[in-house]
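Both complexes below contain chain A, partnered by chain B and then by chain C.
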Partner chain A sequence: MESREIFWNISQIGWLYALTFIAFLLLFYGCYDHVKFWGTGRKTGGGPPLRLRWKSFLSLALFQRGILKRAYPGIMHLFIFWGIIVLFIGTVLLAIEHDFLKPIFSYSFIRGNFYKVYSFFLDLFGLLAVIGTVMMLMRKYLFPEYRGVRGRPDTLAVWSLFFVLVTGFLVESARIRGTGAEEPFSPIGYVLSALLPRLFDAESLQLFHEVLWWIHLVLALILIAMIPYTKLFHIIAGSFLTLSDPKVKKGILSPVFSEPLRLEPDRLTRLSRLQLLSLAACTQCGRCEEVCPVVSDQSLLSPRRVMDGLRRELQRSNNHLGFLQNGAFLAGFWECLACRLCEEECPISLKVAEKIVDVRRHQVMALSQFPAELRSVFRNVETFGDPFGEGKYAREDWIQGEAVKRRLRNRNGCLVWIGCQSAFHERNKKVAWAFTKLLDVLSIDYFLLGKEEVCCGDLARRTGNEYLFRDSVLKNIDTFRRYGVQKIVTLCPHCFHVMKEEYPHWGGHYEVLHYTELMAEVIQQGKVPFSKSLDKKTVYHDSCYLGRYHDLYREPRSVLNHVLMDGLMEMEKNRGSSVCCGAGGGNFWTRGNTGERINATRLEEVCDKGAQIICTSCPYCLVMFEEAIRNQERQGLVAMDLAELLDLVKPSGTEK
Partner chain B sequence: MIKIIVCLKVVNQLCSERGFDAVKRTIDPDCIVKMVNPADEYALEMAVHLKEREEAEVIALSIAPEDDEKLLRFCFAMGADRAYRIWEDGFDRLNGPAIAYLLSLAIRRLQGNLVLCGRRSADANGNEVGGYLAEFLGFPVVSGVTSIEAFEGRDKVICRRRIERKGWDLIETAIPAVLRVDRGEREPRYPNIFSILAWSEREIHLFNQVSLEANSLYLEECNSLTRVLEWIRPKPKKVFTPKSNLPPEERIKLVLSGGMDKKKAEFIRGETREIVSQMVDLLAKQKCFKPEGEG
Partner chain C sequence: MEKGDLWVILEHGNKELSDISKELCSQGRRMKKSHATLVAILVGREVQESAHRLGRYGVEKTYLVEGEDWARFNEEAYMDLLSNLIVEKSPSLILFGSTPMGNALAPRLAVRTRGALVTDCVDFKKQGDRWVAVKSIQGNKINAKVTLSADRLQLFTLKPGAFEIEEVAPLQPIEVIPIPFRPSPVRVRTKIIGFIKADPKSSPLEEAEVILAGGKGFGNLKEFKVLEELGDLMGATVAGSRPAVDLGWLPYERQIGLTGKKISPRLLLVSGISGAFEFVIGIKDSNFIIAINKDPAAPIFKSADAGIIGDHHEILPVLIETLKKVEK
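Coming up: the complex of A and B.
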């Protein structure tokens, strides 16, 4: 019966056990350190229950769905991952048989046909792992822009992995040569054995085999011992993370206060255990950095460095955000647009933006340190109820006709939430006006709150001022209660997101629609056939809050395709990979250089397409694009809101 | 230990001219925004900043109804140690001298030795409480203080005060004293959440006319010293906003010129010699001087 002689040609087996013991000791000691650090994290109480997520474990960890989003690194990692898994399982089976079943029960199962299959699979997956490793080495040395393998420990790990695999095959082939066995079911070893130089006499072959065997062993053990001390730890942390991340909808921030208003002592200063785990799971692969619109020579932010820096600083300070001292690093946190592109891009969906907001919260609420521009914005929301500081009275200024004025607070139909941008910003007032006209044409019953509106709070929440956010939420919920609001249609995706997903925590449960959803619904019902008459080349810019936060890609497109004669053009970066306009995450108000740079790049993309209209459905995006168009003095290009576009093509004659 | 008393006022600011009816003498409550007087916030910031350097206690004092407590608490969270509120029905009709009289009674009771208050209130703009207060207390008064530079022992304070656009005074005054604070170099801090939460529960002690032992006749007399005869508000000035579709350069130009096309700026470009001759022409055209040879 076919089998393999274990430890052929190897004496002093005692060393094997001693070295293995030391390697695992180091492994466990390192893991213990990680667990200790993890234990300093906040327990997340109150949030959604922590259930094991086998599905995400299967898809993200075992089938590597996230990494496979990109072909080359995806296949590379998949090969290495499965190669190592199978080789590891093979080795464990061998150890079980040799050290446990055989001496105690005199039973062995790795023989006969099972041995053939076993040996074949080990060879096959070993080959895959070699291919993957070679791909990784090629990337490192041939494509310097690839930054996944950084620094000495990483390089050491890759090279050891490579040599472990190569020496493994060489040892196998030498054994096959030495024992003279016919093993075609170990194809690689078999072929290699034939290729071994004929010069080897029996003695030098044995020496060759023995030396390589020990090298193979030591390198493999070094790799195992390295796991907790290098980014190899992502093997463990990543698996646990995909298993234990509670199923929260995308982009929802966890509340800071428990109600009635109370603050857990360590809520602001410490990250939660889950967050620490995700810091440990980050491999610094740099995909987030590649896609992040903010990252450039002038910017201080990089999602990758956020993860890396947080892990280092928090390990140093035992998980206390107050010890974050690095000025430039901290300043980077204020450049984040909260667009969640990094989170979508991350192979294991690490929540970067969430951590950035947690750091902002600590900065704002515990230390009162934030960009000076935000101070007046916070003050304006506190005293006037809007970030512009215009006051309640000006909230109804955009209304021009008596017909709409009658809609104020008359409690008929659904509530149309105008939002601060559309109520105060000159450009966006036109959108509000166009949309209300449209509703009149469609004879949809609606009412407005006018001066009863208060800032929805998104701005305060994303900039870390949770106290102010809570204040706004409670005021608005109280207003909604007084007016018996059940259904809300918002003009701004930001209001839409917080009202739909973040108000329920304070007991505000409403049916919230963004107006593009409403319009898509209307068109689907075929109530009003908008004429398909717009013959302008149009691109649609997906706003972060409709797109990545809520996956509303279909609705605006169906509306646009309904009115555009030539159909909608798509930008290079559309849907989930759409780039933020540069105003998100409070950047509209802090007005760094970042925003201007980002909308300029985005606009160039539009112009490359030769579009005449850039259509958005977010007031922030609209303003940013208008500014970019003005700054670049683009002729024949206009930024328009979807509502304005519809207003252009609405059936004539029905206007009241 | 020095006891710093900061007097704060909750001001009612009109955020829109439209709610104001000069004929009926009414104001639509919706267009009133309540806030703590900005100058008083600077005073509180100054006191809290002083507390960080010297051994001091900061006591906040305000004449305000119970409704305004929430606003005041947020402000006290900047770093006040104790807070007192003076209220009695009818106190909303007090004028400067009467307010100063009440405050002086409370300050005597609290044995404060450094009184800080905003120089002027954002709504009434009376500029009077600080002065009257010093008179009632018999303290010296320094107006327009922008920062407290140093403490000289326990009985003197040196403060910086703005005199002109660029000028400063350093003034030494004996304490107890009243300092009328102007917008200083230090922006009022944004209170941190621990302080906000602590102040949301802390007690604000209440004084009323009886507990202050205020003489109601004297109060009445103070209140009748001055009287508002008429409110005259200018017609709302049309604020020029340039059209948003213009390029930024043009908009800046328009804003600077107040939207008047006539005030067009002229750019002179070229060699030095040309520039000079063009400038001479231009100035002559504007009749700034008579060119040689003509007169």
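Coming up: the complex of A and C.
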């Protein structure tokens, strides 16, 4: 019956157990350190249901769906991951048989046909792991722009892995040669054994085997012991993270205060356990840095450095944000657009933007340190209920006709939430106007709150002023209650997001729609056919809050394709990979990033397509593109909101 | 106290009465009781001439304090003078301008005389035989009405520009009483040795009185420098829109607008700026805005008090030439 002589010519097996013991001691000690640090985090209760956790674990950890979004590194990592998993399982099975079943029950199962399959799979996956590791080494040495493996510990880990695998195969081949076994079901070892120099006599073969065997063992144990001290720890932390923090709903921030209003200082000064876990799970692969629109030579922000810096600083300070002192590092936090492109790109969906907001919260609420431009914005929202400081009586200035004026607070139909941008900003007033006209044409019942509206709070929340956010939320929820609001249609994706996903924490449960959803619905029902008559080359820019936050990619496109004669053109970066206009995360109100203007870069992409209209459905994006068009003096290109575009086309049959 | 006179503490520059002084006199005349006298306190060097002209604004009596000692405003000397004078003459009501001088004196005097003070008044309303002061609070968004107890000396500081100046005819004879007062060296411990004129180039944008704003319309830095030349001639501060700052023509602290400074100068000249909302939101509080733009449809004209439709490349050099001629 086929089986394997496990140790063949290895004596002094005692050393094996001693070294293994030391390696695992180091492993556990390192893990203990991690757990201790993790314990300094605040607890976050609840969490998503178990079913979703397992789903996320299977997809992101076992099937590596996240990392496979990119082919080369995806396959590389997949090979190494599954190679090591199978080899590890093989070794564990062997240990179970040799150290437990055999001595106690005199039972062995790794023999016969099972042994053949076992040996074949081990060889196959070992080979995959070698290929993966070689790919990694090639990437490191042939493509210097790749920065996943950096620093001595990383290099040591990769090379150790490589030599563990190679020596493993060599040991196998030497054993096969030495024992004279016929093992074609261990294909790699078998082929290698034939290739071993004929010069080897029995004695030197044994020496060769023995030396390599010990090297193989020591390197493998070093790798195991290294895990908690290097980024190899992502194996453990990442697995736990995918289990405990699946991406169910995206971009929702956790509240700082407990209700009735009480601040637990911990919530301001400490990151949560989940966040500490995600810091430990980050491998610094740099995908976030590659896609982040803010990152440039002059910018201070890099999501990768945010993760790395936070992990190191917080380990030093025992998870206290007050010890973040590096001014340039902190200034970078204010450049973030909260666009979530980094989170979307991250192989295990680490929440970077969430941590950035947590640091901003500490800066704003504990230290009162934030960009000077925000001072008046905060005060305006506080005193006047809008960031422009125009006051609530100016909120109805955009309304031109009596018909719309009659809609004010008449409680008929759904609430159309105008929002500060559309109520006060000269450019966006036109959008509000176009949209209400459209609703009248479509004879959809709606009402407006006018001066009863207060800033939705998104701007305050994303800039870390949770107190102000809470204040706005409570005011609005109270207004909604007084007017019996159940269904809300918003013009702005930012209002849409907070009302849909973040108001429920304070008891505000509504059916919230962005107006593009409503329009898509109307068109789908076919009640009001718009004519397919607009013959302008049009591109659609996905706003972050509609796109990455809510995956509303189909709705605006279906509306546009309905009215565009030649159909919609797509930009290079569209849908999930769309780039922020540069206004998100409070950057509309501040001077923003120190590098190249983001709206300018994005506009160049539009111009490359030769578009005549850049269509968007977010007031922030609209203003940013208008500004970029003005600055670059682009002729023949206009920025328009989807509502304006529809207003231009007019539903056929309603023209008089 | 009720029986006492009504005093106004006047200010002047270059021997000319400042506008706030005329406002104080006119408002004082409207507020004084029939039996009381409207008294002006005029302090300075060589101010006798203006003391006699005060009758035009309804002043009946002037306490004139003249001499080298009073050439410059020194709050300790003024405090010594006024507190002595108040004890001696016991007025019932004093009006100050809400100016650096008035703001320095009124609170101190209120404490020293155990009087009652309302600052930053924009109006007065009669209630029975008493005056209710209206003052603006919360960044001028809300008006508060304040009454004062009648048994104390009442002090008010008045916002410049909020009150109407009235001239009286026929001109009444005015009694000018010189007060020979020398401040006690014990009380006056500070001495002003000179003034350093603020450089409009380095003073904060929020405090600038006259601002010249330029934008991308200037085309290049060389053209933009014309604005600086004009600024030097006018003693004005040069600022710009975000594009001008992004192009590196100006440092960031000279940026006006949503992501820059919100300004409130007395005069703002805007050229080469179309007037996007993001810019306009920063100039809303300016007192008087003149816009120069080639395009009659430019949105900046909506925000301007006066507009010139034309090319600033032609207009500004003419302005510079004219100013140079005037200076000669």
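Throughout what follows, the second predicted complex is superposed on the first by the 635 of 656 C-alpha atoms of A that agree within 3 Å, B and C clash if a C-alpha of one lies under 4 Å from a C-alpha of the other, contacts with A are read in each partner's own complex, and residues count from 1 in each chain.
Going forward, contacts are C-beta pairs under 8 Å (C-beta built on N, C-alpha and C of every residue); 3 or more make two chains touch, one makes a residue touch a chain.
None of the values given here were measured: they were computed from a predicted structure.
Q: Quick one: chain B and chain C on chain A, clash or fit?
A: clash
Q: Taking the superposition as given, does A:Arg575 touch the first partner, chain B, the second, chain C, both, or neither?
A: neither
Q: Is A:Met365 in contact with chain B, with chain C, with both, or with neither (first, second, both, neither)?
A: The first partner, chain B, only.
Q: Contact-wise, after the overlay, does A:Lys487 reach chain B, chain C, both or neither (first, second, both, neither)?
A: neither
Q: When the two structures are overlaid on chain A, which partner does A:Thr590 contact: first (chain B), second (chain C), both, or neither?
A: So A:Thr590 only meets chain C here.
Q: Once chain A of both complexes is superposed, is A:Arg147 in touch with chain B (first), chain C (second), both, or neither?
A: In the superposition, A:Arg147 contacts neither chain B nor chain C.
Q: Where does A:Glu373 make contact in the superposed view: on chain B (first), on chain C (second), on both, or on neither?
A: A:Glu373: touches chain C, not chain B.
Q: Looking at chain A, which partner touches more of its residues: chain C or chain B?
A: Of chain B and chain C, the partner in contact with more residues of chain A is B.
Q: After superposition on the shared chain, which partner residues are touched by A:Leu261: those of chain B (first), chain C (second), both, or neither?
A: So A:Leu261 only meets chain B here.
Q: Once the structures are superposed on A, label A:Ala394 by its partner contacts, choosing first (chain B), second (chain C), both or neither.
A: The answer is first: A:Ala394 touches chain B but not chain C.
Q: Is A:Asn631 touching the first partner chain B, the second partner chain C, both, or neither of them?
A: Both: A:Asn631 reaches chain B and chain C.
Q: Going by the clash criterion at the top, which of the stretches 73-81, 145-153, 199-207 or 235-243 from chain B hits chain C after superposition?
A: Between chain B and chain C, the clashing stretch is 235-243.
Q: Where on chain A do the contacts from chain B and from chain C line up?
A: In the superposed arrangement, which is not itself an observed complex, chain A uses residues 383, 391, 426-427, 626, 630-631 for both chain B and chain C.
Q: Touching residues of chain A toward chain C in the complex: what are they?
A: 373, 376, 383, 388, 391, 425-427, 588-592, 597, 623, 626-627, 630-631
Q: Give the list of chain B residues in touch with chain A in this complex.
A: 15-16, 18-19, 28, 30-31, 33-35, 74, 187, 189-194, 196-197, 200, 241, 244-248
Q: Across the complex, what residues on chain C touch chain A?
A: 138-139, 141, 216, 243, 246, 252, 255, 258-260, 262, 274, 276-278, 280-281, 299
Q: Taking the complex as given, what residues does chain A use to touch chain B?
A: 261-263, 268, 364-368, 370, 372, 375, 378, 382-384, 390-394, 426-427, 451, 467, 626, 630-631, 633
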